[in-house]
Every structure is written in C-alpha cells, then in structure tokens.
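Below are structures written as structure tokens.
Two complexes, one shared chain (chain A), two partners (chain B, chain C).
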Partner chain A sequence: MKTFISIEGLVYDYPARTPEDQPVRAIDGLDLHIREGSFTAVLGMNGSGKSTLAKCLNGLYVAGDGRVLVDGMDTADDANVWKIRSTVGMVFQNPDNQMVSSIVEDDVAFGPENLGVPSEKIRERIDAAMKAAGIFEQRHRKVHLLSGGQKQRTAIAGVLAMQPRCVVFDESTAMLDPQGRAGVMEIIEDLRRTGITTILITHNMEEAVRADRVIVMKEGRIILEGPPAVVFADRRQIEAAGLALPASLTVRDELIKRGIPVPDYILEMDALAEWLVRTAEAGEPDDED
Partner chain B sequence: MIRDITLGQYYDADSVIHRLDPRVKIVAAFVYLVMIFFVRDFIGYLFVGAVLAAVIIASGVPLRFIARGMRPIMFILLFTFLINIFMYRGAVLVRLGPLSITDNGLKQAVFIALRLVLLIFGTSLLTYTTKPMALTDGIESLLRPLRRIGVPAHEIAMMMSIALRFIPTLLEETDKIMKAQQARGADFESGNLFQRAKSLIPLLIPLFVNAFRIAMDLAMAMEARCYRGGEGRTRLHPMKYRRSDAAAYVLLILFAVLVIVQSRGLLPIPMLWEV
Partner chain C sequence: MRIEVRNISFSYNPGQPDEAKILDGISFAVESGTFTGIIGHTGSGKTTLVQQLNGLLKPSSGTILAGDADITSGKVPMADIRRKIGLVFQYPEYQLFEETVAEDIAFGPRNTGMPEEEIEARTREAMKLVGLEYEQFAGRSPFELSGGQKRRAAIAGVLAMKPEVLIMDEPAAGLDPGAHTAILEMIENIRKETGCSIILVSHNMDDIGRYCDQVLVLDHGRLVLSGTPDEVFGRAGELASYGLGLPSGRALIRRMQALGAAIPEEGILTEEQAADAIEAWWKEKR
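Moving on to the complex of A and B:
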C-alpha cells in the first residue's frame, strides 16, 4: 500500500503569549509515514504533542520546520489547503463545540455546503454519511437534545459527508460514556473496512490495542512505534511515556505469572476471554500429562 | 432549572403558512408592521384583525400559544394603557380625585393597546411558523442586494444561526458553573438587588472565559470543515419561490393597498372613532 501522509522533520512551536515568554515547542523533529487505508493510534500523556500533530495533518497548523505531505500535497502551500481539509477530515474532542447548526442534518450538510456541492448531491451525501455514522434516524432532531455519543456520531457524519480519504479522531472518545465510546470505535472499524485511513489520538489503551500500528509520543517526539503487540511488549518505554498498560495486558501478564500460557497475539479483553473459554473447553491439557 | 427555558419559539406544524418561503414571511411581517401604523380608526383595526385571525387559523398555531407571548409585555401594555387613559382632554366620563378619564383618553388608550396586541400577535407569528435556520437563510437572501454597499449579509446570517445554536449550550454551561459555585458556598438568591448583582460576578467571569474557549474550538472545527465565508457556498435547502409564494405576495400587496386606502378615508364607509 502506498504512503498517504508523510511527515518529515516536523517542528511546531506555539507562539509566545507575552514578549518575555519563549515560544513553546510542541513537536520537535518528527518523522512519520502513514499508509493508505491503515488504522493508526497515537498515544501520549497530556502535552506530548499528539493533538498538535493531529492539527498539522490537515493544515490547521502549518509546520514551522520540515514538511507534511498529504497525498503528495504540501500543507504549507495555501493553494492546497481546502483540498487537504476535505481529504483529511477531523473529529474533535468536544462534540458540542464542533456543531454549527441546531438540526442534525443541517449540521452534517455544513461541510458539503462549504465545498460548493450542488444541492441534490448534498442530500445524497449526507444521507449516506448519516447512515454510516448511525445517526440517520435522528436526522431531524435538535443537536442539543442528543446524547454525547449521538452528538459525536453527528460530528463524524459531518466529516464523512465531505467524502474524505482519511479521518483523524482527536481524542474524540475522551468525553463520552462507555456506550458512546464503543459506538465511535465501531464506526472506526467500519471506516477501516471501507479503506479509509484512520488516525486515532487517544488516552485509552484499550482503543489503541485495536489499531494496526501504535505510535507513542513524548515531548514532541515519537519514542516508540509498531504493531500494538510489539509496542505494548516494551514495558519500560511505555512506563517512560507515562502510560499504563491496557487492562487486558495486565490481566494477561498476571495469568502468565500464574502459569497459564496466554499467547502473545492476544491483546484485547474479548479475545483473551474467548481464548480462556476455548482452552478450558479443550480439556485443560496441563492436567492430562 | 435554567435549562428548562425554551428559546426559539418555533411551533412545529405543517400548514400553508409554515410552508411559505421564509423571505415571503419576513417581508410580510415587515409590511404588516408598517401597515399597523397607517391604521387610523377601528374599522381599520377590524380589517387588520380579521386578516390576522385568518392567517393564525391557516397557520394552525393555537391561540393560547400565541397569547403566551403576550405575557412579557403585559406590563408595558398596562402601563401605556393607564398613561393614555388619563392624559387626554375631552368630555369627562369618570373622575378619580385629581385624575379623570375622558372619552378621548379612553379611545386613545384602547387604540394604542390594540395596536400593541396586533403588533405582537402578527410579528410573533413569523417566529412561530419559521424555523430559525430558515429565518436566517431568508434574512441572508433579502440582505444580499445590500452587499454592494458593504453589508456583510452572509456573515450576519451565520452569526445569527450560530448564536441560536449556542443558546442551549451556554445555558447548560451557566447551569454547570452555577452548581459548581453553589457547591463552594456561592449564594445567588439572597441579599438586596446590589448584593445579588455582585454575586453574579463569579458566574459571569467563568461563563465569559468558557464562551471564548467554545468560540475558538468552533472556529477551528469550522475551518477543518472547509468553511471560508459565503463565497461559492451551496445550500442543502436552496430557497425557491413557488406559486403559493407568488400568491402570498399578491395578497400582501392587496392587504397593504386596502389598509392605505381605508386609512386615507377613500372608501365609501365612514371612519369609526377616528384617532
């Protein structure tokens, strides 16, 4: 698969607030290549630069040094900015603060309207997007009467209606209840199946475990990356990044310590539970010899 | 509690009036407003009132729903009524100490009160039958010709719709801050007027800060969704005039002409209690 986003030597500084202050370096020489159709999770503590990275991906923030190429387009080039933003959609953390209109379907239509899509085509696009995000039934409701999860689904539909090839979730699950989180994760899985590149910025280890690739950031740099099995195997670095292991892995470690040989490829809680049941049903091989 | 306040007084129904183009309704409300000030006697009011009643019936909005909108202005209504009733010279009807009610005063008072009632009923019908979004779209479209002289039509409409969108969000925010401050012992309910106004400071400052934060977030989200002003923007619901809208315009012109002709005394009917 080809590279969809490539970041080379990215540096981003937040400007100083007062003349005496120094600018704050949020991203400090970061290289990253993201393949088309992949699902990448970005982990890190508060202030590790992960949200800043997200905003660099669609030109909301422009690189101070180095460059960010989206499908070959440089985000620093003003001529590309709208093309890039419709290619890389972004779902933010607070669902309330990203809705423009009071009615669900009007809000979903906001993106296509800005892109100048003809009216009949907007209808097709938003219906498809609302169905994909599971909010179609609520399309005539008022936004402020929806639950947090439904609001976030509306925001996702609003991004999908622009028909992006990549969606960045900037801590989009952080303010949701478990049910809302699960809903958003389901949509991400669906997007992956349709070949849309997804990037999930998160604090939640259980969500990161489901990605193809995990990136761990600290102080504006990538300190660890690879498939989840490999990344979470490096306990020392995970701790150094100020992160905790996913609960499923803590349980797995504990099981291994008690002599139950759980294989390495099991990362998710569901998979772990399933494996345990299957092994138990297979007749406790350890007792027989 | 504070969240129970309902704003945006749209009454959801599917009527002839609801289906009219918002531009027609805005123009009609404006013309109606002007026409009320043309009326000079009670025959004129009878006519305007009959037309209004017909429109209300056609709109399917219950009368008590509209009457509810009168409550906030009840005080003003009463006040103007009382001022007018005592302030005019003429044949004395009732004498109350130094004050006296005259025939002219009574006529004037009833006249002004009727004018206010008709004004509120008629114009509130606009917001009852038009969704806020349609209203802002209509305003944008009507203001568009003024863009040439520098009126930012799209921006005004966008600001209005965002303001409407964020009323419930800010109310929720207010409620949250109020509870947080009350949990720390803030008292919003007791004390005299001055003390109470002062106790609002710990509410208003965080609210302001939050409002700015929300505005920043929203601006970023809008940019991420390719918002770049009104240029080249299309609409999900493009506004199109239909036959019923044309008919409404014709009726509106007819209404205005009749009111003007009648108020100038050009009709072969005498004026009734002319003011």
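Moving on to the complex of A and C:
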C-alpha cells in the first residue's frame, strides 16, 4: 500500500506567551510515514505532543521545520489548505466544541454545504454519513438533547459527510461512557474496512491493541513504534512513557507468572479467553495420566 | 460522617409542562470511612446526585442527612456542610486561579478566617496527601504544572478544608494511564490516612471493582442497582441494559464461561483475581 501521510523532520514550537518566555517545543524532529488504509494508534502521556501532531496532519498547525505531506500535498503550501482539510477529517475530544447547528442533520450538512456541493448530492452524502456513524435514526433530533455518545456520532457524521480519505480521532472516546466508547470503536473498524486511513490518539490501551500499528510519543518524539504485539512487549519503555498495559496483557503476564504458557500473539481479551478454553480442553497427552 | 439519602427527587421546572425529572426517588447510605462508587451512562444523573450531597442543588423532595444534620431542612448553615463534604468537580484544574500553588490551596481555609499557622499547616498536610512536595511546588504557579500535578493541586485545595466526605466526579478523566493509576492510589491513600469516606463517580469499571465497598448504579435518574461490587457485577445482563460493562478480569471469566469453561466468577474484580481463578481452573483441567 502506498504512503498516504509522510512526515519528515517535523518541528513545532508554541510561541512564547510573554516576551521573557521561551517558545515551547511540542514536536521535536519527528519522522513518520502512514500507509493508505491503515489504522494507527498514537499513545503518550499528557504533554507528549500527540494532539499537536494531530493538528499538523491537516494543516491546522504548519511545520516550523521539516515538512508534512498529505497525499503528496505539502501542508505548508496555502494553495493546498482546503484540499487537505477535506482529505483529512478531525474528530476532537469534546463533541460540543464541534457542533454548529441545533438539529442533527443540519449539523452534518454544514460541511458539504460550505464546500458548495449541489443540494441533491448533499442529501445523499449526509444520509450515507449519518448511517455510517449510526446516528441516522436521530437525524431530526435536537443536538443538545443527545447523549455524549450520540453527539460524538453526530460530529463523526459531519466529518464523514466531507468524504475524507483519512480521519484523525483526537481522544474522541475520552469523555464517553463505555457504550459510547464501544460505538466509536465500531465506527473506526468500519472505516478501516472501507479503506479509509484512521489515526486514533488515545489513553485507552484496549483501543490501541486493535490498531495495525502503535506509535508511542514522549517529549515530542517517537520513542517506540510497531505492531501492538511488539510495542506492548517493551514493558520498560511503556512504563517510561507513562503508559500501562492493556488489561488483557496484564492478565496474560499474571498467567505466565503462574505457569500458563499464553503465547505472545494473544493481545485481546476475547482471543485470550478462546486460547485458554481451547488449550485446556485439548489437554496434553502426557499430563493426563 | 455517615450520609443518608432518603427518597430524594430532583426536577428542573417542577410542576411545569416542561418539567424534567433528573433524579427519581433515590435512597442509600454511605457509611463513615467507606468507598462508594457511582456508575451510570452519560446523562443518568450521577453529577446531579453528587451536587445534592453537598448542597449545591437542593432536592425537590426527600431528605439528606449528613451525620445528624438534615441538610435539606434549610436550618443548617450550608458553609458548614460544604466544608465537611468536599466536592471535586470534573477537570478541577480549570478552577485553579491563584499566583502560587500554596496560595491556591490556602484559599478555602483563609476564607474561614483561621490563623496563618493553621492555614500553613493545612496547606502542607494537603500537599503531602496529594503527593506534591511542599518545598518544590508551594511557590510555583499552578499553570506551570503538568496535567496530573494541576489536578493534584486542585484536589489539595478541597482537602485543606479537612472534609469528612470527599466526593470525586471522574477524577482521572483525560489523564494518561500512569497518572490515572497514581490518582486512584492517591484517593485510596487519602481515605486510609484521614478516615474520610470517598464517593467516586466513574466510567471505569476496573477502578470501581478494585477500590469500592459499595456500588450505586443510576439509570434515567433512578437507583436501579446497589450492593457490593461483587453483587453488582454479578448482574452483567442488567448492567449491559444500562449501557455498563464489567471490570476486565470479570469480563474475561464471563467470556470463558460463554465458551463452556466451568469457572466461577464470584469474587473476581481485578486482573490478579482473574488470574488466580484461571490458574486453579487450569490445574484442574490439565
């Protein structure tokens, strides 16, 4: 698969707040290539630069040094701004900050209307987006009467209505209850199946193990990356980055300590349950006498 | 201090055609020095409920006893109640405002007019409880701290009032996993050190299972389930219907049961307990 986002030597500084202050370096020479259609999770402690990185992906922030290419387009080039923003959609932590209209379907239609999409096409687009985000049934409801999870679905539908090729979720599950979180994760899995590139910034390790690739950030740099099995195997770095293991791997470690040889490739709870039951049922011939 | 809630209801615009009932006939008690968890999906009434407990909102009907005092009677000085029942809101660091961490923490005690030595002693003690070294942090601006440190400073401001009940509304929201665990351990330590009771509002079933003595489940403003964590998490089907789940360890055991494993789930609230149960089951099978 081809590279969709290409970041080379990215540096981003927040400007000094007062003349006496120094600028604050949030991204410190970062290289990253993201393949089209992949699902990447970005982890790291508060202040490690994750959200700043997210904002660099669609040109909300422009590189101070180095460059960010989205499908070959440089985010620093003003001529590309609108193309890039419609290519890379962003879903933030607090859906309330992303709502512009009082009725669900009006809110979802806001983006395509602004792009000048013909009105008969808009209907088609927003219906498809609302169905994909699981908010179609609520399309006539008032936004302020929705639950947190439903508001986040509305925000996602608004982004999908722009028909982006990549969606960045910046801690979009953080304020939701367990059901709301599960709903957003299902949407992410659906997007991945349709070939949309997804990037999920999260503090939730259970969400991260479902990604194709995990990036761990610390002090504006990437300190660890790879498939979840490889990243979470590095217990020392995970701890140094202020992270924890997903519960499934905590249990796996505990089981290994107790002499149950759970293999490395078991990452998720369901897979762990299945392996345990299957392996115990099969038994080992020399153990049965 | 014991808190007893007797049949409270709360509505916005009571008696009007647009009356919105937020809490509906809720009763429970929180015993002195215990750890109570409140769970429920977004909009179930958790935050409204805890705001009643320290008198920020007044129930439309029903009574709340704090110790012997009926705080809904209108006869108790609410300043007293708010001192004894401390409430830490979601994202409390947004309420930091003083020039230094010590000044911010001292704000509450100073307002009660206590002597300077007492204020300083309380500030030091509160900082110790939240794990912020006095010498290192007292003179710093709260705005220079990390997210987790800011939150600790904000919690210290409430602790400086020496509350007998500490209510925390999603204290770990938005924190990275390392800071999350540290905040929960800090809360449990505060309970042990000071003997105050803790009421924790949370979406995190692992935290609820690990720390609580009692769990209250809210749904559409009603208290639909309550008991020990083991009792409440023993009703997985019912919890799912309220949009709630199980602690990870218990969920794993339930998943194994569904796949045909004869493994008991009683008493399993943490990952370690799940691993113990699986070990016993495994040895029997092999």
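What we mean here is this: the second predicted complex is superposed on the first by the 284 of 289 C-alpha atoms of A that agree within 3 Å, B and C clash if a C-alpha of one lies under 4 Å from a C-alpha of the other, contacts with A are read in each partner's own complex, and residues count from 1 in each chain.
Throughout what follows, a contact is a pair of C-beta atoms (placed from the backbone, for glycine too) under 8 Å apart; a residue touches a chain by one contact, two chains touch by 3 or more.
These numbers come from a predicted model, not from an experiment.
Once the structures are superposed on A, label A:89 by its partner contacts, choosing first (chain B), second (chain C), both or neither.
first
Answer with first, second, both or neither: which of chain B and chain C does A:99 touch in the superposed model?
Only chain B is touched by A:99; chain C is not.
In the overlaid three-chain picture, which partner chain does A:110 touch, first (chain B) or second (chain C), both, or neither?
The first partner, chain B, only.
Contact-wise, after the overlay, does A:2 reach chain B, chain C, both or neither (first, second, both, neither)?
A:2 sits against neither chain B nor chain C.
Quick check on the superposed pair: does A:236 touch chain B, chain C, both, or neither? Answer first, second, both or neither.
Neither partner.
Of the two partner chains, chain B (first) and chain C (second), which one does A:193 touch, if any: first, second, both, or neither?
Neither chain B nor chain C is touched by A:193.
Output check: A:159 vs chain B and chain C. Expected answer is one of first, second, both, neither. What do you get?
A:159: touches chain B, not chain C.
Across the complex, what residues on chain A touch chain C?
The touching residues are 44-47, 93, 147-149, 171, 174-180, 203, 205-206, 239, 242-244, 247-248, 250-251, 254-255, 257-260, 269-270, 272-274, 276-277, 280-281, 283-284, 287.
Would you mind writing out the residues of chain B in touch with chain A in their complex?
Spelled out, the residues of chain B in touch with chain A are 8, 131-133, 161-162, 164-165, 168-169, 172, 213-214, 217-218, 220-228, 232-238.
What residues on chain A touch chain B, complex-wise?
By the definition above, chain A touches chain B via 55, 58, 60, 82, 85-86, 89-90, 92, 94, 96-103, 105-106, 109-119, 122-123, 126, 142-144, 158-159, 162.
What part of chain C is in contact with chain A in the complex they form?
Checking each residue of chain C against chain A gives 40-43, 146-148, 173-181, 203, 205-206, 243-245, 248-249, 251-252, 255-256, 258-261, 271-272, 274-276, 278-279, 281-282, 285-286.
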